[in-house]
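Several structures are given next for inspection.
First chain A sits with chain B, and in the next complex the same chain sits with chain C.
Right after this comes the complex of A and B.
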């Protein structure tokens, strides 16, 4: 490991000691233990290098090379005003707003919850007994993943959602992370936990928005548990500012007949890495993974997904799409693992990419690892450009070249966004997407 | 009627048909590897100074390298100091002038393999450069080829007689620094085949070699180099069987192909080395580097392989598509049964404009076999209009085997069209039922379905090989289906 990395790990350790001291009075024993396990694991693992297969195309040395301070929290009028104008802010639904990783109660709106449901911020949930103790850190493997380890060491705030048996929340639950200000580069470690008990149902939208420049690093971890027959629809929308770093690790766990749907849309950040892992750990469980990455400039966006078919009779569908422009690079790595006993697995995966510029690079690797024989698994990947015949078709009907290109790109992207079921949300997502693509 | 389980029992106990050891006096040098061994090999082969220098350079570089760990295969560490790096039949000093003078023991070996040289010479029109443990013992049809200006001989002979050609092309496709096993090969390669097709010549017959690992504990380090000058055409066959052994034997070969303007090289392999026994004991480690360079415009290199043997196969025949409009093809059938492991695939590197590549890979896993396809398609920035189509299908037989796919697609040009498709399936009960209803036994039905599954690849094989390949597939999969 390079010395630069060692130095950076050192300050994380120093910050961790201070953080630990600060928390010593309030943190329950299990939490302190979990945090120091995380720190220990990070010290052992260090930042990954491109020599590791999982990080082959994702060079995180820009992240490792920066001395980040813990995220400052200051709720200024400017931020208040900007948050009101954000997309998703106008939606009439439960929302939790976080500024630089800290819960901003006055901007949030949590009300009209069904009986037994709990939606609160992680900092509060951590001080209370209950589901959080049993579930936190159980799915995200901090011993193996350096960024999860780092997040676990500094776990403090985030969203906590607990749905009781049989409860369905119709409107989406918004989790909005706003990043703003800060004179020095800062880092936040948002941690979200969603527990859906038997037969419950909800849509959650986790959004990251950078509202002014500056270098910062969001290192998020989200754990989702769908118990028997539960249905969780999870949308992740990332639109960080241009100079930001964003590393997010999402783990969904689906029990018998449960469905976990993730939809991850990556637009922003200078370096963005999104990992989605879904474990199908009960017969009849279903996984749907959708993703869209739109890059330009010198961005590097990496999408890593894994579907673990641990039990028989499960099905999974995965559709990812990429639109690449400028000198950007995008990575897709999709792994489908079918374990020995997971017979009758039905799995489909596809990654389609549109290369718009001479200098963009796409590295895609759809990957199958199959240890059972009675399975149906297919995967595919394509890389191409806008079909000149489609352009010709549109131009023959009087649509200008630029407009025709835009139309085709939008159509390409909307195949993913259309999977978001809640209509007002879908509209908002689309308009945010279009705004981004136009710029 | 025997139950399927019984079938498995009886068929799985069949002995490896090509397992025997030929008792021929061997000339070996001491175990282990050091600079002296490299010098000794070079001296024994009476090599020019530059080649020795190249070997030493490779050896010194090899010392700085580590054995790669990324492949999806498991094996006990190899002790490179415990192997012999050179073995040649002792009769080398007075080489036979004709087939009659060839050691009868040796000829018998080939007969058992089904390639009696005399017969081949007379009937099949295939020129065979038989490599028997590193030293070429018989070469047929040489005169006929010589008339056309085609050079087809053992590698050592080429070094003696055409040093300028060897020097020009050796290491031009697989540099000595390429990878751990290729570098090792560069240091200690024993022999191999060399073919040179001059400008505008279409080779009138299939060139062919048989590699055979015979001496106990001898790693074999073949080196093959084929150069097709402008407008030339050659089809080359490589086929392998190895006798039964308990120790794991290392085979690290290097194959280099160069195709200049408008040239075509077709390289077909049937690999049927000893795969180890039912418990996974023994078997060949087949760690091979094969690469072709389409250096000229409109050139074409086509790889076809049928991999049924070896305990571990680790090989990625690739193409560097440098010339504009050049074409690369890869057709592969890989079978793993019992405890065999295969990590195989291809690398297509598109450098020139309008380059095209096709990949068709069929993996069949049975027993405890683990079969991985690992392929890379790289479209570089200037490869405008590049096109790739990849298809990897896996067939699973039994619930203890595994099939894995690791395709890497790296694209840096927006005009490229790259497609990758993969599927995994098993032989359907309904398909078997259908065949049985029409009076076919389960085994025959499986054979038929598997052959159908592999048809796209077999079609690419020269006729002589296609028949053998189908038979081999049948033998390899015997008893694997319940």
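Right after this comes the complex of A and C.
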């Protein structure tokens, strides 16, 4: 492989060679090939610059400039203790816990699975024949996306969920990435794959929590496949440490009459970029994309979404909200593509922002590309401050100014979490969100 | 005397809206303030509640003998002042029951009383909801969001019933109500009349005063009270119309 990289990217290649050597004995041929393709693609693409339209407001040079080491696996008592106190620990449900990107079996609990369902970590799934081979890398396009390429090169661990036909798992399935900064900056490439066969149903919550300061970088990729008539409710909760980097690329694929619901809540990280792409590839498929970003200090949180209406009679609903304080910056870019054959598409998009500081910046951009002629598409973006009429109304009822402000900000945020269907999870998410916002 | 307003002047921006209001409200009294559009009725109501878009430039307001104007709106509320809004604000995402309990508990805490938990609170409000013939499901919805005009006004009166203010100021509570809603709202207000509570009813029309019969009627015009009298004054106004006031010169400006 002829690869020429910039100096800043060079160590990824060096690390890749070592990684390849380590894996050589156990990796099946298809996997080695996929990883090589990933590395090759990353070498060709390099880190994106702000000259690229998709990265215009997201300068990743702070990520490119750090020499990261592969994430170390250290399971300390402190981590054990913290995991017990996690907001989701109280939910009596299946959960997979990862520490610095590596599966921590002793902290995980996978049980009471319906017949035919498989929930396991990616490292194990990769050594077994089956759905992984057919699906991994089929939706996330490593040839076009440098961070997906990098993730694909180093694909090693993550969560694998496979639901058989007609099975519904009522309780949410938790995927929890706990990250503890170490002495050296580290990088992990979590890779998740969810395959929901015909008529199956589940709620999955993928969580990132930073429990120590320190510089680290989670570069995650999640692929979700909802086959005919399947229903996947996918929650992503990002609360990384304040000096962490978080780049996540999520691809959801919905077949005929399937529904893919994503709910992406971004709170943490110094630089966070989250991409959600949903492809509606069968008549009657539905996409729901909800998102909330809460920024403060000098944070940069970028949300890029794309909905691909590839077939007729599909609908999509997208509601994102941002709350910006301090000198932070946030980005919302929502692309909706309606292909030539996608007649009777019904699509709604909105992005609402609450600016709490004059020094905060929001860049919001809807992007509609419509090639069909019989469609219904609406979109809108708003940027506003806390409504003084509402503040006065609350104060005139005896509620203090600070409390009134908090109540209104929390109310604005809560509306996104309200779309999570499983009630105990919704309550937990809400209280975790509010606790975070109050601190 | 519960409320004493002396020579009150207030501006919005550089425009003077209130041009010297004098008014005394004793405990247990019901006062109606009538006047044409733009006379300053709603401004007076909002100034008393502490709305900061209005700047008081002159005069004073004593509430229970203390300076009211130096208090922030939330402290006025906790001290027993209640403004029923002409346009109740919709607050998406804030549950109506939660809001009302937070309001009541703020006042209880201020008075050194124990705060009510969710269960006790529900028991506390159930009867009042019935009295106002309110749909109970409205309590589980966000504050005023998607409520009809009548539902919003009933929600205001419910808040008043729960908070049990010393001084209630009703700002055009009748506007936009059909006769049935008006009757229900008025009977809610009447049930709250008593020796320990004073009410100021701000209205453009005499109609409401058929249901909430005032002890005193004041007519506001161009930022001043130009006429005061008994409930018969309201009927006289209804008959002659507000243009009758043009011939009426304020007491202070008579030669």
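Here is the rule we go by: the second predicted complex is superposed on the first by the 433 of 439 C-alpha atoms of A that agree within 3 Å, B and C clash if a C-alpha of one lies under 4 Å from a C-alpha of the other, contacts with A are read in each partner's own complex, and residues count from 1 in each chain.
Everything below uses one rule, namely that a contact is a pair of C-beta atoms (placed from the backbone, for glycine too) under 8 Å apart; a residue touches a chain by one contact, two chains touch by 3 or more.
Predicted model, so just to flag it, every value in this text is computed and none were measured.
Looking at the superposition, the partner that touches the larger set of chain A residues, chain B or chain C, turns out to be B. Touch criterion met: A:365 reaches chain B, while chain C stays clear of it.
In the superposition on chain A, contact of A:53 is made with chain B only, not with chain C. In the superposition on chain A, no contact is made by A:65 with either chain B or chain C.
Contact with chain B, but none with chain C, is seen for A:378 once the two complexes are overlaid on the shared chain. Of the two partner chains placed by the overlay, neither chain B nor chain C lies in contact with A:90. Contact with chain C, but none with chain B, is seen for A:396 once the two complexes are overlaid on the shared chain. Once the two complexes are laid over each other on the shared chain, residue contacts for A:130 go to neither chain B nor chain C.
Of the two partner chains, chain C is the only one touched by A:408; chain B is not. Those residues of chain B lying in contact with chain A across their complex are 70, 379, 381, 394, 396-426.
Taken together, the chain A residues at the contact with chain B in this complex read 53, 340, 343, 353, 355-385. Interface residues of chain C, counted against chain A in their complex, comprise 49-52, 72-74, 76-78, 82-83, 85, 88-89, 91-94, 99, 102-103, 106-107, 110, 142, 159, 163.
Taken in their complex, chain A has these residues touching chain C: 387, 389-390, 392-401, 403-404, 407-408, 410-415.
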